[in-house]
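Read from first to last, the chains carry the letters A, B, C, D and E; within each, the first residue is number 1.
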Amino acid sequence: MNDTSHAAKAPALQLSDIRKSFGTVDVIHGIDLEIQEGEFIVFVGPSGCGKSTLLRLIAGLDDPTSGDINLNGKRVNTVPASERGLSMVFQSYALYPHMTVGQNLSFGLENLRMERAEIERRINDAATLLQIDHLLGRRPGQLSGGQRQRVAIGRAIVREPVIFLFDEPLSNLDAELRLQMRVEISDLHSKLKNTMIYVTHDQIEAMTMADRIVVLRGGNIEQIGRPLDLYNHPKNKFVAGFLGAPQMNFLEGTLEGNVISLNCGMVRDVPVAQPGTGKVTLGIRPENIHVNLDGHGDETVTVQNYEQLGAVTYIYATFPNGDTLTVQHAHQIPLQRGQELGVSFPSEAFHLFGEDDASMELTR
Amino acid sequence: MNDTSHAAKAPALQLSDIRKSFGTVDVIHGIDLEIQEGEFIVFVGPSGCGKSTLLRLIAGLDDPTSGDINLNGKRVNTVPASERGLSMVFQSYALYPHMTVGQNLSFGLENLRMERAEIERRINDAATLLQIDHLLGRRPGQLSGGQRQRVAIGRAIVREPVIFLFDEPLSNLDAELRLQMRVEISDLHSKLKNTMIYVTHDQIEAMTMADRIVVLRGGNIEQIGRPLDLYNHPKNKFVAGFLGAPQMNFLEGTLEGNVISLNCGMVRDVPVAQPGTGKVTLGIRPENIHVNLDGHGDETVTVQNYEQLGAVTYIYATFPNGDTLTVQHAHQIPLQRGQELGVSFPSEAFHLFGEDDASMELTR
Amino acid sequence: MSRLTTFLSRTAGNGPDRAERIGITDVLAYSYLFFGVLIILVPVLWTFFSSIKSDTAVESFDTRLAPMDQISEMIEDVGEKDVWIYTAEDGSTQLVYKAGPTRKVTDVAPVDDPGAVFKVPRTSLAPHEEMRVAVENYLDPILKRNGQDNFHFFTYLYNSVFVTVIATMVTLLINAMAAFALSKYRFRGRLTFTILIVATLLIPSSIILVSLFFVVWSFGLFGSLWGVIIPAAATPTGVFLLRQYMLTIPDELLEAARMDAASEWRIFWRIIIPLSLPALSVLAILSVIWRWNDFLWPLIVLISDPASHTLQLGLTQFAGEFDTNFHYILAMTVVTLIPITLVFVWLQRFITTGIATTGLK
Amino acid sequence: AEIDLMISDVDGKAGLVKELVDRYTAENPDTTITINAVGYNVIREQLAIQLEAGSGPDLAFVTNLGGLNPHYVDLTPHVDAAEWEANYGAVLPWYRAGAPDGIFGFHTEMTVTGPYVNLTMFEEAGVDVPAAGATWEDWAEATQAVMDGTGSYAGMVMDRSGHRMAGPAMSYGAAYFSPDGKLIADDGFKTFSQLMIDWHKSGLMPPDVWPAVSGAKYANGNEMFFNSDVPFYMSGSWNTGNVQSNVGDKFDWTVAPVPCGPAGCGVMPGGAGLVAFKSGDADQEMAAAKFVAWMGGTDIAREWYSKTYAIPAHSGLQAEGLDYAGAGATEAVANGLAAFTAMAADAAEQTPQAYQLQGSPKGFVMYNATVQYIGAALNGELTLDEAMAKVQEELDTNANQ
Amino acid sequence: MTPAGFTVAFAALFWGLGGAIWLLMRRRYTLRQIPQFFMDLLGFPVELAQSLFGRAGVPYALLLPNMLIFGFFTFLPMILNFYVSFTGGASISLFDRPWVGLEKYADIFTCENYLSPKSCSNPGYNFWTGMFNTLWFVLIQVPILCVAALVTALVVNQNIRGRGFWRAMFFYPVMLSPVVIANIWNWVLHRKGALNASVGEARDAMTGLAGLSGFDMVATVIFAVILLVVSERSLRSNDGPSGSWTAVFGVLIAMLVYWSQPLSLIGLPGSGWLGLALAGGLYWSVSTGQSFARMAIIGAGILAVIMLLMIQFDAVFSFGRYRPINWLVTPNTGWPFFWLVFVFCWSHMGFYMLILLAGLQAIPSDLYEAAKMDATKPFRAFYRITLPLIMPTLTVVLVLSLIRSFQIFDEVYLLTGGGPGRETFMVVQNIYEVAFANDHPDYGQAAAGSILMAIVIAVFTFFQLWLTRRQSDL
């Protein structure tokens, strides 16, 4: 996606050493983050890792235990939510069920005692942009999931916020609608060019929408970067495993110098930048493994199960020692459970992780 | 997947001209279906098409308005649900919230006045199989989604039913758990070899789990067949569109003899079995379209948007006339919005649909 | 037996098709309902039918359904006399009046020939009756006719309506405010307040009657309608019910409103109140019932001021030391029933669905 | 001044009160009088509290003449005291609660307890109405015969009131006061109580009145008498008009001389009075007092007594005799009132304690204790001895201190 | 100025005037926003709290009005009650009340024999009679009320036509005032009321009918036909006799035995138990699937025919003349108490029914479908699924109805006046009479009684909550 140019002016949002505890439970453990104006930032991470909490801290719905939040260079820790100039789209949309779509959009503006004419103008603009003009008189209960989603976004837009916050806005939709709304939000971003912060635990959303992804785990940032950078150069095993479906295969083994001997029997030279000795994990993504039906290849594995999705085939196989391997093949292939399969592992697709799970540099 | 041999004996389940109305609303419009012992049958179809209704008719929870239901050759229309020897796993699991897992499993058996020892044996077997031994003393409220799911299946297993019925058992789970449970249920089927009827509207589940898929629409069967047969040879545009994500591309055009002229400008010879004249739709799946970055190819399209998923790239492009095209590319490729892209359409991947949306035979 | 138990265990969710088969279960269910409703309705209807009977019919406990009333006529030179039907031994009948004391053999005279007194056995006399709706039971007190000058129907009605409406509005407002605080804020003392309020559920009003009497008296609320309205406004039931309901309103809505720059009061007014309407209407119904029907407390507080009597207090007027005007009591009872019945008919939808959704449990 | 008057309606007086009030306010335009009509129970149960709380009425018709004394306005300055003493001297002490003087009310009704008899039922059963001087046992026998003969529900009924029972009890020797002036429940009281118990047990007296309710609740037998369910009804003079209007010509009735006992033929005098209450506002008190004074003037009193079919408490009017018939009373009513007046005279001689009891401010303690505990004995809940002890305990704690 | 007047003046100034000024200073209102202005003014204290203390101050401001009223009109009286119970005299001014210490309590507890209220002093006698009656009432009333409410809730939760109507109908009496309820039922239960009239007429009609010549024959034939149909029904199915029809058959047999009194042939009285035993045995043999069940039914059928011929039906249906029952009045019959329980159920059941209905509707219907698949017999589904799941709601209903039953006063005072005698004399009536319906109001005594009653209620409630501690939702 288009990369927004990072200007030299104050970042749209800056978090410094943000911490948050609920009672005795520490949830956010000191987070530093800078977001530039116009960026589309996605927070991903497993459930309970603190994504929503972080977003709510930014929004001003909760107060950080310590640390500073700066918006456009101004500290806003004590500014109430309504005055930070942010808009939030909630996971459940949180549309006011008893108001019409129009009233939902105007409520916030009325609270600001804006002139009626201006309110009208903004609502109409937003409604046109989101193609919900014809729905203004309806109640949320009379809308489909996708329409509700758009109203929720509309409510965020009319306030003309400096930053949009989204908390898993698509998680309640079914797969089809999700795909569609995903595209719409991306389009919106390229039209409005606002800063957007988007929380999800769906890594497809993260991959496809983000300018930069922030991967969170247990209240800490694991890695920040552009989607494909993260995909191709994960900083550690967690990030590697978290992005990509089916998951990256992890094969345990030991490294001696440049040579890696895996428990499954495979022995390979790997271009390690700093050769050494120790336990390592070799990572390889399912789509990078080549399948030879005739049984030839680097290694032979046994098909345990497979799934024909039409466009692709997932193969779940085992090495003789029992290590499992998932292979994604881009075509339909005839398979049998128990069948022997030759697979080859192109070493340029290798990822190597040390005992501390950190990525090891490879020279390629 | 393994194909169960269709023995000559009476089918495990036979539906003849089943109809069902609720009040004045006809929901099922005459369904005929035969299911052989040991088959894994999946009902798919859009929401409201009657999948659950059909399942409930089979289970005996509702009575058909007309038509016969035969189990192993015996008409069971008037046999109460409990005596049909079926087990059902509900979408919401319907676990008894006030009973422990063990009591949930034994409740049905106690109703049958089974010996305590036998009950214990069955519960232990099922619990071992499903790895829920350690949960037997807990209440459903203390279980995770996946565990509940397993308990629900356990409750179905202990009754040793002739047929298992599943009503969207995975729809309440999150994506990860869903994938995992999907594999578990498939494994279970290959272990137990029972007949299973499985309702879903998730086509990935349908594709990966079914021996045969029954595609329903508006209370009628659209097509029955093995997953890849349906994927590769859909009987009509509905089935073609319903299976596969991203959806098959449909390009409108006209056929004259063997030549198809599409609105987007493309003109191609197609090996139509019965050449003719008229409006047609050309279908081609996104993964069958080849991308040439250098702009060469059958046609040139403009990239509107693209999604880099790491393993694959989705490209959303438009023809000069505005027709849209989705392309699935099996690798990461560098792209720009607005970029021109050459695409080629291998004619062996063509599907052709007549004005009545029915598939037209192609000779290849 | 097993059928009987089917009926015990059935709940909602049996498809509508099940109802098409009329089984023994349905017969049992409908019989139960039918008799239940009979037991509920018959006394009420009986009261209504009695209320349109004449004074004498009521006082003599006439149990016939139709309102029969003995006719009396103005007999010349004699005065107003009840008319009896005399059945002679030959079966012929004649309208007569009693021309002397009632004895085994009584003097009577034909109505149309007052002079012709003759003797007949008492047992051959039957009252001469007509069917007549005794509208005077209603009209006398309402229009202050027939010596009912001291029954100020419209004052009582006004007071009852005033107490009911104002008390209900105040109750709804302050209970909703309290429930909002207890359901949507985390603050020091929340648990204490909640427990205090739930504990009030356990304090019957009759127990504190004596001291409440002292308190209200020292507030100077005696004889004032406010003395009835205010003490009853903060109902624990209401707070409890609304709180349970408000707990189900997603916090995200409030947060959305906060992002929308709404003040907390505005959130309450614009978001919480409209969304709690089902629970509020249940409480409104309950409050209307309570306040409209209140008797003992208003009796203590209001009795001294005739201008602030409510209908329920007015009703007591018909019971004297020596005599009780049952016909008026019945008629006015029916009158007090009417508004509550109308409210009931109008709101019964909310009652049945509302309570079910309020989480009043 | 604006003053209010509390009255229990229903008994037919409120209309007349209204008329008189209108007349009075026409003569005294600076006074407005609001009528607060309430149920009788309200006056019995609530008035004292209202007064205590300072929210009571300015005027009321009361029956608890002595008990409310602390709240009365002394009318002495507003009336011709000598004339009032002369006219109402017999009843004025009843309002004084033991104090030696003060004029506290206009006795609106001089009442005497006594029996009504359904002559038609007696005739039907072929039973003779017992003659004057017959004892309660004679009457029990006779009414039992009527009951048997007519299949009526009961033979005798008496209001559930300690006041009603006092007269008969005195006939059987109940002294009610010990020589040192304390209230007592003695053997005479016990003897008649035993008779009541026997009659309820045998069904001669119906369970609907005395045993039917509990505590000090009042109940009367009107409905039963009016419907010919019982031929004998121990009530009182105040009820005459009411009996007349309710019975009509359904049957013949009369007021019989009260049954007697070994100690005489006891009846209780009594009545109700119009009193003015202290309100702390001198104007208001004066206006209220003046209205009472006006009402008690001989002319208005005459009109009042005759129109309400009441025995006058005014000695002059007593001597003069009232023209009830002119006020619309039937012969039966007029005869009845005459009979009651005669009984009162007898009782004054034979059972003087009746007047003493009526004048005692603690009379109500006795009346309440009677219905409460003798009532309990009628149900078998207490034995008579236990009931007697409880009555005495009640008297000792609440009256004799 | 009265405290009330002062409060009103203060509130008017602070709220009305202060609020308006404050609001107008901070915000501009257009004409269209006048309603909004008044709304803001209403919530002015809350707005003020928010602006002074932030969001943390808001809940306190919101709670204030409610808690003020609770404080003054519930908690303060509660505390005053303690004080009053230690004072004597008849004055209503607290300062004029002499301190008497525990005297009022001592009066209540002055008893010779603590098991017999009548051995107590008069205050004790009245209090304990009321208390024991109330306890007795609660013990009988609460289970009956709850069962009736539950059964009704179950029925109206069915898939029946006009559900809303039935539900509403059962709720209707809840809306009636105690005065109205008492009037209505007095009217029905009076010696000459509707109930006696209709029972009398029905009974006379039956007796009259039975006296018709030929009635014996007709009744015998009708009964024979019913017997035939029922026994055929119970034997009809191929897989063993039908349980429900056998039950009906059993009832018929029991009736026949009762009427024909076969044991009187050998000079023994009372054959009723024999019929019940026979019916029970039949049902047992069928329900447990005994092999001899068919034979037993046939045998019983033959026996039934013999007994049928022995019966004199016009004697069976002759009840004699009906003597009206004085339902609310006759002492020592139990009727007044019965009707009190009945009327209380009648007027309160609808409320608890609705609460239970809400509980029932919260039970997901798919549990019943799962149970159906699990071959659960309906009754088992009731007590293994419905009952446990409705338990929390039922507990709430139990507690609420217990508290409410303890407080019974209006209804009973107006309906029976506590009588006959003291059969329905409840503790609240005692408190009321001591304080308010007395010529020497004894507030101290009444307050002491209130405190004792509060203690009893609290003990009961907590005991009940403790018993059901795991289920309660409270």
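FYI, contacts are C-beta pairs under 8 Å (C-beta built on N, C-alpha and C of every residue); 3 or more make two chains touch, one makes a residue touch a chain.
Keep in mind it's a predicted model, so treat the numbers as computed, not measured.
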Among all chain pairs, the one with the most C-beta contacts: C-E
Chain occupying the most central position, where position means C-alpha average: E
Of all other chains, the one whose Cα centre sits farthest from chain B: D
Far-end chain from chain E, centres as C-alpha averages: A
Centre distance in Å when chain A and chain D are each reduced to the mean of their C-alpha atoms: 94
Euclidean distance of C-alpha centroids - chain D vs chain E, Å: 41
CA centroid of chain A to CA centroid of chain B, Å: 28
CA centroid of chain B to CA centroid of chain C, Å: 60
In chain D, residues with contacts to at least two other chains: 41, 46, 49, 53, 227
For chain E, residues contacting two or more additional chains: 92, 192, 366, 369, 377, 385, 436
Residue ranges of chain B touching chain E (in the complex, touch as defined): 59-61, 80-83, 86-88, 90-92, 94-98, 107-108, 111-112, 155, 159
Contact footprint of chain E on chain D as seen in their complex: 41, 44-46, 48-49, 52-53, 64, 67, 153, 207-208, 211-217, 219, 227, 364-365, 368, 375-376, 378-382, 386, 390, 393-394, 397-398
Chain B-facing residues of chain E, complex: 364, 366-367, 369-377, 380, 384-385, 388-389
Residue ranges of chain C touching chain D (in the complex, touch as defined): 56, 59-61, 81-82, 98, 101-104, 122, 147, 149-151, 213, 217, 222-223, 299-300, 303-307, 313, 316-325
List of chain E residues in touch with chain D within their complex: 90-92, 118, 121-122, 125-126, 191-192, 326, 328-332, 416-425, 429-430, 433, 436-441
